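The two complexes that follow have chain A in common; it is paired with chain B in the first and with chain C in the second.
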Partner chain A sequence: MVARQSRGDRRELVRERVFDAVSLTAAVALVATIVLFLLQLFIASKDSRAAFGLPFLWRSEWNPVTEQFGALPMIVGTLITGFGALLVSTPFALGVAIFLADYANRRIAGPVKSLIGLLGGLPSVIFGLWGLFVLVPLVSRFEVWFGHLVGSEALVSAGTTGVGLLSAILLLAIMILPFSASLILESLIVVPAELREGALALGATKWDTIQNIELPYIRRSTVGALVLALGRALGETMAVTMVIGNGIRMPHSLFDPSNTLASAIANQFLEATSPLYISSLIELGLILFVLAILINVAARVILRRGVET
Partner chain B sequence: MRGRTFKNALMSVLVAAAAVVIIAILVVMIWHIFFSGVRYLNWDFFTKAPAVFGEAGGGVFNAIVGSVLITLVASALGTPFGVFAGIYVAEHEDQRFASAVRLCADALQGVPSIVIGIFGYTFLVARFRSYSALSASIALAFMFIPTTARVTEEVLLLVPSSLKEAAYALGARRSSVVWNISIKSAASGITSGLLTSMARIAGETAPLLFTAFGSRYIEWNMLRPMSALPLQIYIDAGSPYPAQQQQAWSAAFVLILLILLLQYGIRFVISRVLRVKA
Partner chain C sequence: MREAPFEEAGMRTHRWASAVTVVLVVAAVLALAGCGLTGQPSAVKSLTGAGATFPYPLYSKMFDLYDGATGVRVNYSSIGSGGGIKALTDKTVDFGASDAFLTDEEQAAMGAPVLHIPTCIGAVVLSYNLEGKPSLRLDGATVAAIFLGTIKKWNDPGIASLNPGVPLPDLPITVVHRSDGSGTTSIFTSYLSAVSPDWKSAVGAGKSVSWPVGIGGKGNDGVAGMIAQNKGAIGYVELVYAEQSGMPAASLRNSSGAFIAPSLASSAAAAGGALPDDLRVMIVDSLAPDAYPISAFTWILVYREQQYAGRTLQQAQALRDMLTWILTEGQSINESLYYARLPQAAATKALTLVNSMTYGGTTIPR
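Let's look at the complex of A and B:
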């Protein structure tokens, strides 16, 4: 009896140790993944770093023929599309979130929320497909119209394909909207009812309440949500790749074909033959990785502080 | 006073207008995808490999097989890591290392998919000198693990602490409390988290571009290049042939069906089965 119990005890102890070790290993593996990514991308971009050094970041020439590579056109393209999309989609995201939280009744809010959820789960490549065959022709028509309006022959003749920065910005704006709208909605819902009711009892209109009570209350979490949405937009790959036009020069207007860091890799990696070309594309990936980690950590810090106060 | 009521009315209209614009765009998108996809569907589409380039006919059976295989293997590789990392964070919630792990999981969720793809290429494909479905699965597992870890943690934290404390009071060790109390009461939450992560990686294209690479043949060997639905959509959409472009729309429709099946269908079946058993 005693012997059997101690054997059971020992077995239980072994199981305990194994369990602790396995879960610790999984946790360490998660942290190690980030280090592994960083190291792997750093090592694989060795040729490019040796050839161009730090100026890679601000050289504006990207020429596979002469093997001169600089990341500036892609960095500019990434920032323009990312911030452009954020600028276009934020008013709508805020509007939809406020509509769902304060105006719509349950019969309307339910289906709209599931529609937004459905769109948020659609794969990037399907947004790209829609963008390429529906949005891009519309943008192209707009470009021709706009070109006639301002009397620009260059625009009418050169900008008629519709692929370029503007299409990418609009498509990205649609793509990040479900994400930012649902995050803003989540924080609107937890605004204490007493605050809202107090304002209304004092004679405030609905909009007064939203403007003076709700929006200040959710300010920090909204900023966090928008930073997360920006992070998504900057790293979004397939949809942008399909509508941005793979331009390798610095863009001069919103109608120009361009590239983001992500789309340049997706568009050119399989065509890249020389080691320096491949390694330069990998260095673009390294820049994008570091950028994404920084933005995500910043967003989490903002959101976490918001919870504490 | 009148200014305030006017502003109130104006803002109501603006807010409603924003909602209407967005709903209209979303409905139009879904409409396009649904009807453009259904129009070209036929039985061959589900059972045959693609026809010769530019010709009509053929199907995407190769891509369906590829998507299912690649997603299943990626989930099988990622599940133990994700679930156990989630358990670790939930069990050591108040410790500094656990919050570092959580931050890493959050940061990894934000890593752009193309970076995962290029990592997969340099880490696996370049090393073993061959494109393969397995390298695509491993790359996707790196996307699967952080989402699974976060969901598992969140679900485990919902388990009432009174249950766990009761078990501890009876002298149970942590492993058996986690195993017999936490995991069992959080099982349905963890399962639906796993299915959501699967649905997410099933739709990814960028990690497959330089790993699975794509194939025009029906391929079952994980060590060889393989097609997948998102990859097929991307390739067909870029093709100049109308037949290929139509195939892209139909493949998109099939991919959405697959994702909805993973996200809602299987979850529904599982919840039914569990309830019948209990």
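Let's look at the complex of A and C:
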């Protein structure tokens, strides 16, 4: 070490300072953006909060003509499609992750992993188109079959369009699969080799090892992964809008057309003109934002505990 | 699990990478700041407008030709009528465009009188998916009952009595409506409110309404897609869209009792009756004998007083000239793009409105 500062050192120091300042600004800007989002949504939904108050959350009327607004149909639609999709996709996500981590050889695992990445990167409008032209007709046929099976004339006659909650759930399940599968895969990969090898050395079969060592080990991070996937499902807009039927009424069955917070906003915001109408749509956004924050916080808490134990 | 490319690549790459990062971040910040600076272009070379999506194909063709003829570029963003009204209220554009005229509330929010200049006539048609594509005849009460959900099957006596000789299946009716707020919905529900008291009291008219039955599709193509996919579906789309995609369209009984098929001529005829001077009028259920009843103007909105938000006289003149062109030479473009042209009487009234624009309280000089 030389005591005297060379010119190079000083230049290095200046560069460090500038870089520090710039990255700090970027970090602060990011946090500020989120806080400002929330604040802006809160301020802009003032009219609606003043007019409807807390009952906005459980009123089921949504009528732009009479300006009576309530968010319940959208909240219900959002939660049913989100949790429904999670329920359908989780077994597949676990299956895919376990297969890739423990069963597939490298020649298969590589391509499958990149295909999962590809699926995760597809624009949602493509999922939506596929849903509309392929999935919806299939669901429609299933509806008629199911209607005959349970002998429901109402179902057969009223629910033959295929668009509705069920189509949205199935489509979302496919859309969040790559997300949860790759997160679960990541946590499976970091299961310590000693544990796995130890179990195998004690005479456990592959399935014993997975069941008794790996799955318990990744339990928390799996829950975290699923919660993150749920967050994604709740906010999905385009694809859901294309297959959910966009009926703003309380759904009575899985075959009914419904609506989500995100799709209601996307559909109606552009042509909404009256202040109360706009404000109510913004309050839907606020609800979705808070929902997303709650879910992300839940995921972080679960993930952190997963690391500690 | 974390990758560490820098450590492996050595100090030199590290410095290089950090310098690049700094440059990129600074550039991004400058670009963001720069957005504020590149605001208004300097007068007459260009005009900006925003609003309705329905007349967008027509406007983009018109503005393209106008640019070629006069060298004045018109930048039009089709962000929806609501957005257009908001942009005009905020005074960020030279003109707005809307498929529905301003409500008194919206007019009040503008703070100054706004002129409604019609540019063309649009029609909304009822299209359906039935075996053999029969041509159907419907009337207002029947259409309202279908969309209210009181007529549930195609072989309902209400439909059958209007269509003697047409074999109607014992098939449930699937109602398809727009899920997005739209001028098309506004025109259609205004028609239903005009012809059916039941509809008016139960649902009413607007760009989005609380639909009693049916499924929603986004945009004309969304509705058309859902009609195409579901046997027994009925929905409403713009005439332009139905003509271009060859969908069947029902003839409707108009106020004179005649069944009129939707066409450019029959929708233009809807504007053939007496019109108020401000042209702020719905021409649905028109009294004209050969009018197709679900027809409507689409408007360009401008402030009557053009001296606002630092606008120059040249800007006002350019806007006036552009609007005049749309109402005269520009009208010849309408029909080639499946928009009905304004009848002469309506165009004359619209020109009078354009010429009533003022700058600083006096008529804008030629």
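Just so we're on the same page, the second predicted complex is superposed on the first by the 284 of 309 C-alpha atoms of A that agree within 3 Å, B and C clash if a C-alpha of one lies under 4 Å from a C-alpha of the other, contacts with A are read in each partner's own complex, and residues count from 1 in each chain.
Just so we're on the same page, contacts are C-beta pairs under 8 Å (C-beta built on N, C-alpha and C of every residue); 3 or more make two chains touch, one makes a residue touch a chain.
As the structure is a prediction and not an experimental result, all values here were calculated from the model.
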On the A-aligned overlay, A:Ser253 touches which partner chain: chain B = first, chain C = second, or both, or neither? neither
Which holds for A:Leu270: it touches chain B only (first), chain C only (second), both, or neither? both
A:Gly121 in the overlay: touching chain B, chain C, both, or neither? Say first, second, both or neither. first
Regarding the shared-chain residue A:Ser23, is it in contact with chain B (first), chain C (second), both, or neither? both
In the superposition, chain B vs chain C on chain A residues touched: B
Have a look at where A:Leu41 lands relative to chain B and chain C in the superposition and call it first, second, both or neither. first
A:Arg15 in the overlay: touching chain B, chain C, both, or neither? Say first, second, both or neither. both
Name the contact category of A:Ala292: first (chain B only), second (chain C only), both, or neither. first
A:Phe92 contacts which: chain B (first), chain C (second), both, neither? first
Touching chain B in one complex and chain C in the other: list those residues of chain A. 15, 18-19, 22-23, 25-26, 132-133, 242, 266, 269-270
Going by the contact rule set out above, which residues of chain B touch chain A in the complex? 4-5, 7-8, 11-12, 14-19, 21-23, 25-27, 29-30, 32-33, 36, 80-85, 87-89, 91, 97-98, 100-101, 103-115, 117-119, 121-123, 126, 142, 145-146, 149, 173-176, 178-179, 199-200, 203-206, 209-210, 230, 233-234, 237-238, 245, 248-249, 252, 255-256, 259, 263
In the complex, the residues of chain C that touch chain A are 1, 15, 18-19, 21-22, 25-26, 29, 79-83, 85-86, 103, 105-106, 152, 172, 174, 179-183, 203-211, 214-218, 222, 225-226, 229-230, 233
Chain C-facing residues of chain A, complex: 15, 18-19, 22-23, 25-26, 61-66, 132-133, 136-137, 140, 157-158, 160-164, 186, 189-190, 241-242, 245-248, 257, 263, 266-274
Chain B contact footprint on chain A (complex, rising order): 12-13, 15-16, 18-20, 22-27, 29-31, 33-34, 36-37, 40-41, 43-44, 91-92, 94-96, 98-100, 102-104, 112, 115-116, 118-119, 121-126, 128-130, 132-134, 174, 177, 181, 205-208, 210, 228, 231-232, 234-238, 242, 262, 265-266, 269-270, 281-282, 285, 288-289, 292-293, 295-297, 300
